[in-house]
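To keep things simple, chains are lettered A, B, C, D, E and F as they appear, and every chain counts its residues starting from 1.
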């Protein structure tokens, strides 16, 4: 019963507890806000499965972001969604002139000069089959897929993206993107945030609704990671570090905090992102709505838990709520 | 683009994915079922905040457990709840002859001779103030509290508990319990499962309703751990290992998988339990009910994630459902 | 020339740089303010060698702290200084009723109920010889010294100190203090912050002026650590962890950041304090005054460097200035 | 209170303390002296912000170095400064025949045959814009910059430099320099000392005055490292090791000793340099001048601290003073 | 053939080589001189097997040390040798008033106030059987032996030894000595330098001649370590660290540099001594005498090798020669 | 005084000591015998500085080896020495038809079909200047040197060498040799044993006499490693591992056992050779001759120490003596 094993003395006072909760504060740069952008600049679409989350046209998005940037929003992650533009085998409209992300980038850069803008890079919202790569007879052609993805990334950078974030999980797409950027002399003005450790999860349901990206047939288990595999998770992160990723991501969030810790232990030099995905968003929202707990309590505890596990930046649909709380001095 | 960095080859086939998901299977011994037992042997009480969970009188409990044991239930964790018996300063009825756990133990041992029976050990369900220790003018008296807790544990062991599980988070209670058992020659017939790393969490709301154990005033932040503190978590586990714990627990579950990994890395030689607490139960249930996801999908993924993080045994209110699924050969 | 070795892409944007500067933010709980308190409650004494730092009587101290607490000050470290009360061989006035710290504690606790109050514990400001222990013919008597120090610590806790911080560097004083507190049933309401790794440094000059604690003869090299010794530094921290310290300190600050990293690597579970001592304060102040650099620039960089090295809480005479900057949203 | 935790027995005697201060002695080869050389061979210019530091013409430099070499100076780091020669977009005079470094090299080699001569390699003292690379419309062109830097390095080696020390922080300049030297068959007679871990620090103020290298507009935050980033620091050192650096440097010094330790832990095979920069020089000088401390005390403690953190060679403007002290048998 | 693998660039210049030879310099505090002291104060005895090494009486020893202290000798290790005084079963004269070491200590302390004086502590030079412990019927009685050794150590400390160095290799003698010193309030004025890792070596031959300590029968293989055992070596060092040793030693030297590295890697916090024993002394001397190599060359290389392996202080009979070389500025 | 710290119980019996001396046995395959071969097949030359070592002509060598192979000799390392053949700038006779090694190889392969034959590969015995590379105006031309060395290695392999062992320490010669062997389809029938970590040592004196390879002017410090440099030692081994070495060597032996341990720790998967060089041979021989110790004792202890440090095969001139002892069942 040595004094070393007496813990109450370290935690009886609120400030002592804060001092013992090392490096879990949430500052503005620890939050990234994912937004969906559609073709019609003046539209604002409701997403039934994700209450309070919308798909915005460019003008509506600017209206929506303006007050958030004022109270401290530092970064966004953009997802293009198309309704009117055609989808095809190779996702032509992922980087055409009409792509809503490509059209928005220069304008957002001008409107919000200090905002850090990341763009999700994938084929699935633009392909007719809804897969993240180019499909051939015997499945996805990895080489063609990463060539295509690298070209899309290049277009986003050309139009002003600070970060490109490939979410496709094809092998070697970080290498392909970095190489493409280097060849075009643009690697210095763009970070690559890799969806390095992206699991084939049941928590993505509502998102696919939001992004209109459900595969027509088959699933993504051949390229997204099996949830039980620590080994493939580490290997995936190492792959991306080797290929030049600037930042790493674990996705989904809450059920994978052990993987965050594993990856952070292995690659402490790299900023770690986590994506609190749509299913997590729904689960907390509906749990609170049903009276099981207080949303502020649980959301704060969840964010703190992510930071404790080693996360440097949290991508979350709750960003507006969190910023609101931070404005009031809370959190 | 070295071959080492190509992952699809490791995951294109379902069995390959299983092979890469190491040590995440759920077998019967990986599940422990928490049950609430009340004074009136023939009662079955609904718990409004926890749909499908009940407080049982002894007879009802036997009825409830019988089919579960038949399909594979291997262990339970018992919580006593009192309505009629008086609560007082020192929780006299925690180990009186009338305590429902103490009355039930010999009968359950006889009815289910192969079932492993654990008993939660705490004062809070039996004290008038609802705290987990003995309160004096300037707060909890740690020495008196652990003496009391050790005596309660001894009584449970005398009446047949295979495992005592102190949930109070007083300093040095493992030492006190082990010492008491040794002095009474009973340490060999009882394991101590320590709630070693128990955080002051918002996820406990519904449970307190179930166990009728909400503190009258104040909170438990002076003895339960601050959610952001990795340091105190490790120190708490080390304290219990030093004092003789047989098994360790992290509680709550889902938001603390990184802590499971930390503790497992530090103390790999100890079986690791996790408690999927009432708020988690509610969150999954209500999320599924609202249509955000499929419950089987999400619950399976959650259990697999716990196993992946290093958990050896999951304490969960979903146990009946899970056993049901296992019966059908699923999971 | 692999992409992995291209760094500009990770740092071209201010927010990217923030994301890459992991866990170096300064929040209110990362700052502790050291204050000197004298006997005459209405005095405010100038300290010539430390511009803008004063010795306060209790009333003046309250006046000084009130606005600081309002803008976010969370914790102070108190040093008693005596002019009128006699000094003797055993430092009788370190814990007499007339000691200014002891008189102030209950009043400060009442005036600032949320403020975390730490008290430096040492003999040197109260002994006639100015040493940190009890001197006998052949040097310091370690056993008598730690018995005396433990008694002083106990008195401070009795009068309301949340933290006692022994700065004496006698062997085993943490053990002595913890033991004394446990015997008196007070270990749960007080953290022990050990000046674990305190070097015999030239940077203390101005402080001794402030605290009137210069040894009459000899120096402290027999108990403070030799500046070049990593080995004794680690051994000193390990000693204090073994003996039950709640929190560790490295002192002085800026020239010992490698030792902070060493100790943090070895004992990550313990909050790490650093003391930016008087000589550092003077050096930055005079360098800025001479126009060599901008004080805000250099002070911010210095604080960030401390956090980067692993510090959780910085004890600094610059606290009022820093809080002022934080109020303005800077830092 | 085990004997293991008693430290006084290891430090009561001065020689015992020396034995416990392992590997912190300062020998002549642990000191490198930075010198500024100007066009007019007979000039000696005062630098207002750096008392006792001068810019020398070649003849004056020889006069200045002669007695220092006699008392033990082993190595210098040369910086060219131009006043009369024109500056242009590509820093033509960095390696023209008229460059003061290039003119001086053969003569210094002859005058001081045993002196190890390092040359800082950068564009900023020679470009009209004052940046360390070649500027194009959208910022620095990294490829052109490192090609230019490699050519400059080659010229210095051709004229007799033993070490080239690129301070520019362009990506992959070590690779470019080494490659250039290998192609020209000169890699064996020149070490590359990389300013590997160079932070965007406020401590450089006076130097820019000395070297006349302040950028006309913008700053160097896009290529020098953010002070809070351990991750980029390690990545930068690893990049240079991968590309063939012979020796590594951390710059500035005192506030980055934790980074020295991190880099030394990661790459113990490589000699570690530290640059005690102009702001540090000024801070110690002005602090001492103001009477806050004794300069010999503080400077010795600072040098010892650097050695303790893992430094093998200290680049310092205090070199003449230190050599003077060593001559007297001190230090 | 990457530049990283080209090494000549790091070593073509003498100063570059020095910079790459990290922390191998020899300063005065890196050398300890072993001396043999006999009963007759005015004697100086030749040791045939160790040319240039003598056994001195006190007055002769003072004459011998005086010039060495003047040129930099910082520490000695004293061995008592008796011819006239009787030897017995328990080594009575190891700590009697007539023991030459005990008689010499106060006088040497007075004559050489800055010299650090270590005393070898063992029974073998004083026992009739020549073993390092107390012999009973079935071998050495460990408990009685360490009690005896602790008493001898205490006497040496009482008479002025700064360091006691038990060379006996009994189990737990460090614990016994430390305890004895603590009980007598003397642990703070004496370091314990443990012959922690002392092998049963063939290199000791000439020493036993010098110290007149050859066992009458049997050998020391039951307590000195078997030369091939890394495992017992590490365990022996750990034993001494656990028991409170201040400093560790490996003995003999040259053939055990790998063990030095092992022990230093395991216990970097402890100063590491090495004993260049009599057989090594003889081997170098005779090799040089036979013209196989130059003694200065080989001895320097040997000392550098020891430092490189992790040695902080070398105990060597060559000390006078080495000091002579250092005086001339060599080494 | 825990039992863990009691060591005598592990070493009181001779077999226990053997059991604790792990992996230090000397078997026949742990010994490689270096032999010098001269042009005149019937000569046997005395080497004055190395008693009992000879230079043999082919016939004499066969006579000498025959009984050794019979009693267990498993491998030799051949050095060619020329007296009559001319030496020139490029060492033409290193691989000419007249080279004694090349002439001997097919015959030795036939005579001793089970003997493993290694050939030292270097230029120094065949160049007029005595350096290990090709000299040009400003020193050694590394590229031409390794091209030459690779060609020599190829010739030795063509004539039957099982192992080629380049001792030159040019940068990238392992790469050059491996490449040459691959291009000629011979890499599968030859191991490359790299003199990876070869220091510029004073212990080589007698060898140069034996091999007639002393440089005419200058020394080898620009390519052999500085004795104090652990860093360059590790880098040199890593270089050779990177370039394809099959086996590594540290040379000389006894004073570099810490380096053996370092290299073995870093590259445990590579067989480690050590070369007990001529100066070591002389030192042991002359020490024993002078009566300082028994040669069998000391040599055995030395060989055991090498094995303990991590050596797999010892190259030693004592091979005949050792085999003799092994024949008698000793060692």
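Throughout what follows, contacts are C-beta pairs under 8 Å (C-beta built on N, C-alpha and C of every residue); 3 or more make two chains touch, one makes a residue touch a chain.
To keep track of the chains, here are their UniProt names: A, B, C, D, E, F = Delta-aminolevulinic acid dehydratase.
Everything numeric here is computed off the predicted structure, so don't read it as measured data.
Asker: Between chain C and chain D, which partner chains are common?
Answerer: A, E
Asker: Can you give the shortest number of steps from chain A to chain C, where adjacent chains in the path must touch?
Answerer: 1
Asker: Looking only at residue numbers at the chain C/chain E interface, is the share used by both copies over half or under half? Answer same or different.
Answerer: Because under half of the interface numbers appear in both copies, chain E and chain C meet with different residues.
Asker: Taking contacts as defined above, which has more of them, A-B or D-E?
Answerer: Pair with more contacting C-beta pairs, A-B versus D-E: A-B.
Asker: Find the geometric centre of each of chain B and chain C from their Cα atoms only, then give the gap between the two centres in Å, rounded to an integer.
Answerer: 42
Asker: Using mean C-alpha positions as chain centres, tell me how far chain A is from chain F in Å, no decimals.
Answerer: About 59 Å separates the centre of chain A from that of chain F.
Asker: What's the distance between the Cα centroids of chain A and chain E, rounded to whole Å?
Answerer: 64
Asker: Which chain C residues sit where two or more other chains touch them?
Answerer: Those would be 2, 4, 6, 8, 10, 12, 14, 18, 20, 22, 139, 142, 171, 175, 188-189, 222, 230-232, 235, 242-243, 271.
Asker: Applying that definition of touch, give me each pair of chains that meets it.
Answerer: Listed by label, chains in contact pair as A-B, A-C, A-D, B-C, C-D, C-E, D-E, D-F, E-F.
Asker: Where on chain E does chain D make contact in their complex?
Answerer: 2-4, 6, 8-10, 12-16, 18-20, 22-23, 25, 27, 29, 74-75, 114, 116, 162-163, 174-175, 178-179, 181-182, 187-192, 241-244, 246-247, 271, 312-313
Asker: Which part of chain B faces chain C closely enough to touch in the complex?
Answerer: 138-143, 171, 222, 230-232, 234-235
Asker: Of all residues in chain C, which touch chain B in the complex?
Answerer: Checking each residue of chain C against chain B gives 185, 188-189, 268-271.
Asker: Would you tell me which residues of chain C are touching chain D in their complex?
Answerer: 1-2, 4-8, 10-12, 14, 17-18, 20-22, 24, 49, 139, 142, 171-172, 175, 201-203, 205-206, 221-223, 225-232, 235-236, 238-239, 242-243, 254-262, 278-279, 282-284, 286-287, 289-294, 297-298, 301-302, 304-305, 307-310
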